[in-house]
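Presented sequentially are two complexes of subunit A, the first with subunit B as partner and the second with subunit C.
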Partner chain A sequence: MDLSVSLQGLFPFVLILLVSPFLVGLINKQKAILTGRIGAPVWQPYYDLARLSRKETIYATSASFISRIAPVISFSAILFTLLILPIGYVRPLFSFNGDIIVFAYLLGLARFFQILGAMDIGSSFEGMGAAREATFAVFAEPIFFFTLGSLAFISGHTSIYDIYHSIQLDEPSALVFIIVSSISGFILLVTECSRMPIDDPNTHLELTMIHEVMILDNSGIDLFLYQYGSYIKIMVYAVFEASFFNPFSMANEWLGFSVFIVVIFLLTTVIAWVETMIARFKMKSIPQYLLFATAIGILNLLIYTFVR
Partner chain B sequence: MDHLFILGCSLILIGAVFAVLVKPIQLALRIYVGVMSAGLLFNLAFALVNLVHLPATPLLFPAFPVLSSFFRLDGLALFFLLIITSAAIPAILSTHSYLNQYLHKAAAVRAFLVSFSLVLLSTQLLVLANHAIVFLIFWELMTLMAYLGLLLEKEKPEIQKGSFIYFATTHFATFCLYIFFFLLHSQSGSWLFSDFQLTQTSGMVFYVAFFFGFVGFAIKAGFMPFHFWLPHAHSIAPTVLSAFLSAVIIKTGIYGIFRMLEFCSPLPLWIGAGILAISLFSAIFGVWYALAQHDIKKLLAYHSIENIGIIGIGIGLGCLGMTYSIQPLIWLGLGGALFHTFNHAIFKSLLFLGSGVIYSNLHTRNIELMGGIVKSAPWFVGLFLIGSVAISGLPPLNGFMSEFLIYRGFFESASIFGGYFPFFMLLMTVGLAFVGGLALACFTKINSIMFLGNERSPHLKFTVTGLDYLSLGLLAFVCLLFGIYPQIILGIISSVVAIFQSGESAQTFSTFAQWNFITGIFAAIILLISTLIIWKVSRTNQRKSAAWGCGYAGQTSRMQYTASSYADDINGIAVSVLHLKSKVKIPETIFPVTSRFHSHAGDFSEDGLVKPIYSWIIGKITSVDFLSRTDIRFYILFMLLTVLFYGGTAILWTYL
Partner chain C sequence: MENVLSILFCLTLLYLVVTSRIKTYVTILRIQGVLLSLIMIFPFLHHLSVHLLIIPIVSLIVKAIIIPRFVNKIVIDLDVKRIVEPSIQPFNFLLLSVFSMSVLFVSAHVLSGFTTIEPIPFASAFSAMIIGIFIIIFRKKLIIHVVGFLILENGILLFGTSLSAEMPTIVELGALLDIFVVVFLMGIVINRISSTFAQPDVTALGRLKD
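Let's look at the complex of A and B:
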């Protein structure tokens, strides 16, 4: 791999690091508009992060070294998923056979330490959030393999970059595939990034939250790492979703680029719209909702196995 | 080179002699640990040297033809010898501090030491055996000595019960193996493994032999639904022995299945498909049962079933490859299975020995009574955490690497076979991902309930001895090393898998992934993490304060999340399948009085399968029980008739 290719991969990586808080700001702004408020400026997440990085870090008296290392490990793992994920049609910094598995398991590593960091406090609030996170993750991981994994099985590639590039627009089933994958990809995003209707990022009742309650006792630089990590994670899943529309960029680079931007923008609108219109589901019914997404994932493969 | 092995084995025997003869028990224990670890080190060196340069004549002691025909040094045997010795050394090192709590019962400790060293010896000789009878002798010896080892605290009723279940079940397994080997002998006319042949052309014998062989080895390995003995035996065994049971002894079942594959060629398709199905089943339900356990050792035992399932998935993939002689698939499947067998031996030893340290400090196995250990022993918790991350299959540790190979096997077979294969392999992939998610939930549960938060029952001090740190540290180091740089062991595995691959097209591991790339990424992750941690620690603006409790500061350890409540969300989904029972007694008065909650995790195989069969057999036996109680002459007649029956069957077998 020569230098120019790696630089090409590095550029979107840096771009995404810079842009990802903006995406959350965009969601929040649209949500505010839909509910008839003016809302915080779209740059608010940047102000939040800057404020958090300056503030002092307070550790609970019951916390151990786990609380100190957990945010770091979780953040680093998410950062490296970004290095594996192809952004648009650009080859990522690291692309190798089987990186789809590394991608999924790095997110698992991030989750493992976030849960441990939450449980380290010994408070029931964090325990509740951590238990829910663990439960829903069990159902979220199959969705990932049913969307991107089924495409991997069809194309015979195991590198995410190659998998996305194997989607051909000239097959009619590809369009169906894009639609179906977008639906289950959206549900995956909602689950993994703790948005409605799985989790309510704005609620202030600890008993009803998942992600927010897990970071209840984190502050300062730890909270910075968690929040920034969650912003990046949303961006990762947005890119994950937008890359299904990759075929357009093969026809024309600029068309592909604009489709990419439009899809990500539409995604923020849909998230904002869903969060305005729908209340959070009952905790008991969330597994069913996730299994629904899994079932659509199976559809993907059935389409490909039997239509072709 | 063979002298090294002889020396190692004799040192292991000498260790047993010292354990009996040296009068002060403390001194005997020390000498035992020293001599045994030296002997095991010799055997480890022997295995490593021979694995790196596989001997051209795979015979032990070529100078003595009488002995050499009984043992053989092929790649598979040596690889399992490597697994045994590398799991046994840390177990021996931990023996010293673990047995300290039993020193008042010197005789029991001596008996345990002797049986433990015989277990170690017979397990090593068993995998090297090339003669079916020798194999069975060492198999019996291993089983019986492990049984004697279980009886360290034989006065406790739960230990009597658990060890009996182990004894009965493994003997049923041995019985199956007798039939298996006799049938093989009748087919090939030889007792040597290297001559055994079992082909489908032999008709019914093939199916019968395969059935008995698979059942025998699967009981030992703990595939579902043959796993029921495992949680009982592992939870009552002295922890150093349960580490060895879980890390090595159940792997002898895997070794047997590997040997079986060698005998049965060409393999029909249904073998691979069947092994895949039973393994996925074991993996998913093993980990799901584990999630419901409160007993740390029972929980780890169920995780062994899960990992045996993952190993089995690899074997199943390899079988598919062997059926259609597709070399890359054989490599990925069998290589992944072998690598996972090794990895599981390492991290499961780490976790079991860690649980032994906890037991000798807190004297309980119930994780609901632990908590807050991280404050008194942070380094110990760190080591245990490494084992937990490894067993959850997360990067950058070794558990991930072997699962990675197996995942690659799924993708490879789908793209080679086409047709309906992508569909089934996708289901396997999703199944394995589901197992990974459940394992993550389970290991976050035990780590957080056991170590984090506040102490649930007060413990004054938590001591971890230097030898414990050494043995746990060695294991954690291996987890890290083979996670970041698996190339070392993958080369060895390539030469082992070559046995199952036909001829010149043998694959090397480097074709399957850019390993150096992965090494680079994982090293970079660790570098980034450590840099960030150092940077964060050096920041000055931090202080301590009470945890957030909605303004309530008087939180006690009783308010913490428990293991049951943590796992309740997931287990609630599959209550009926898993035989989970819970009793809640909530008082219906206005003012709060005492309420009770009790939960119990059953086992579908034990409750639904084994117990009914067992009680049916017991019922039949008691119907002829009057013979032994009435008149001695009837009883003798009964015995004679039994002998006549067996003898008659044998004669008919020979002449028909």
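Let's look at the complex of A and C:
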């Protein structure tokens, strides 16, 4: 691999690092507008991150070394997924056969250390959040594997870059694929990033929440890492979803790029709209909702085995 | 293109399994009516004749407009509670449906080796029948039983189109009339039952005695 290819591979990495807080700001702004408020500026997540990075980090007296390493490991695992995720024509830095599994399990590792870090403090409140996070993660993992895995199965590739480039939009069955995959991709995004129908990102100190309760005892740079990690995660899944539309196979490069941006923008609008319109689900109906997404993925697999 | 529409049909079936509102059931009946008429309009596009246009239009009117409106009217008139009451955990129901759907898809794939059926419309049609029956078995509300019956009928209609042999127009029209009359009669019967019981429900019917 020569130098220019590696530099190109760094491009999506840097782009996502820079843009991801903006995406969250965009979601929050649209949410505010939809509920009739003016809302915080779009750049608010950047200010938040800057504030957090200046603050002192305080550890609970009961915390062991796990609490100190968990945020760092969690964040760096998320950073590594960025190196696998392709944007467009650019081949990511790491692209090898079977990297869909690495991708899923790096995110799994990030979640695992977050759960460990939450349980390490010894607060029952955070333990509850950790238990919920682990439970729903069990139901969210099959969605990923059935959605991308079915495509891997059909195309015969096991690297994300190759899989996305094997999607062809010129056949009518691709239309179904886009519909089916974007539904399950959206549910995956909502679950993994703890957005509305699963978890309410706005409620701190409520008994209903999952993700926010786990970072209650973190402060300063640890909280910075968790927050930035969650912003990046939303961006990763947004790119993951937008790539299903395979805009970069279009004839015109600029058209493809603008389609890509429009899809991501639309996705933020949909998230904001869903968060405005839908109340959070009851805890016991969440597995059913997630299984619905898995069922769609299974349907996808069944269809594609028989269409080709 | 028929495949695309039948897969959308399958998606509506899965949504039907997870949802818990009567309103959504009626909306899905509407969507399925539109999808079915779209599927049935394809023979017309291949060779243009007025004959082939009648059934899609009639089924669009009956399945997408009249019947959902009638079911809605019953729900409003009888003041039925807007939430369906399952007699099984929704999660288990979904698992069961996914399992039976996968079995049907696999067997359709196997069957398409010997016969002239199209696997995807065939499998979606059979899934609709199975899920219609499941809805009748696992839901308590009588009005939902009517919807389950209609889903089953939708499956049979789709099944007819998945076979390459064409049914005569008059038979299909007769089937549509049949469905309409059955729904009409069921509406009247539920109306009657509700004058005796507060909530038309299967559990209430178990208490019937001479």
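The criterion applied here is as follows: the second predicted complex is superposed on the first by the 303 of 308 C-alpha atoms of A that agree within 3 Å, B and C clash if a C-alpha of one lies under 4 Å from a C-alpha of the other, contacts with A are read in each partner's own complex, and residues count from 1 in each chain.
Throughout what follows, a contact is a pair of C-beta atoms (placed from the backbone, for glycine too) under 8 Å apart; a residue touches a chain by one contact, two chains touch by 3 or more.
Computed from a prediction, not measured in an experiment: that's the story for all the values here.
J.: Using the touch definition from the top, say if A:68 reaches subunit B (first), subunit C (second), both or neither.
T.: A:68 sits against subunit B, while subunit C stays out of touch.
J.: Considering only the touch criterion stated at the top, classify A:42 as touching first (subunit B), second (subunit C), both, or neither.
T.: Neither: A:42 stays clear of subunit B and subunit C.
J.: Can you tell me whether subunit B or subunit C touches more residues on subunit A?
T.: Touching more residues of subunit A than the other partner does is B.
J.: Between subunit B (first) and subunit C (second), which, if any, makes contact with A:142: first, second, both or neither?
T.: In the superposition, A:142 touches subunit B alone.
J.: In the superposed arrangement, does A:299 touch subunit B (first), subunit C (second), both or neither?
T.: A:299 contacts subunit C only, not subunit B.
J.: Determine, under the contact definition given at the top, whether A:178 touches first (subunit B), second (subunit C), both, or neither.
T.: In the superposition, A:178 touches no partner, neither subunit B nor subunit C.
J.: Output check: A:10 vs subunit B and subunit C. Expected answer is one of first, second, both, neither. What do you get?
T.: In the superposed model, A:10 contacts neither subunit B nor subunit C.
J.: Which holds for A:111: it touches subunit B only (first), subunit C only (second), both, or neither?
T.: In the superposition, A:111 touches subunit B alone.
J.: Which subunit A residues contact subunit B in one complex and subunit C in the other?
T.: In the superposed arrangement, which is not itself an observed complex, subunit A uses residues 287, 294, 302, 305 for both subunit B and subunit C.
J.: For subunit A, which residues count as touching subunit B in their complex?
T.: 55-66, 68-69, 72-73, 75-77, 79-80, 83, 94, 96-98, 101-102, 104-106, 108-109, 111-112, 115-116, 119-128, 130-132, 134-135, 137-142, 144-146, 149-150, 152-154, 156, 158, 206, 216-217, 220-221, 283, 287, 294, 301-302, 304-305
J.: Across the complex, what residues on subunit C touch subunit A?
T.: 1, 3-4, 7-8, 10-11, 14-15, 17-18, 90-91, 94-95, 97-98, 101-102, 105-106, 108-109, 112, 119-120, 123
J.: Show me the residue ranges of subunit A that touch subunit C in the complex, using the header's touch definition.
T.: Its residues touching subunit C are 172-173, 175-176, 179-180, 183, 285, 287-289, 291-292, 294-296, 298-299, 302-303, 305-307.
J.: In the complex of these two chains, what residues of subunit B are touching subunit A?
T.: Interface residues on subunit B, with respect to subunit A: 371-372, 374-375, 378, 381-382, 385, 389, 392-395, 400, 403-404, 407-408, 411, 414-415, 420, 422-423, 425-426, 429-430, 433-434, 436-438, 440-441, 443-445, 447-449, 452-454, 512-514, 517-518, 521, 524-525, 528-529, 532-533, 536-537, 539, 541-550, 555, 557, 559-561, 565-570, 573.
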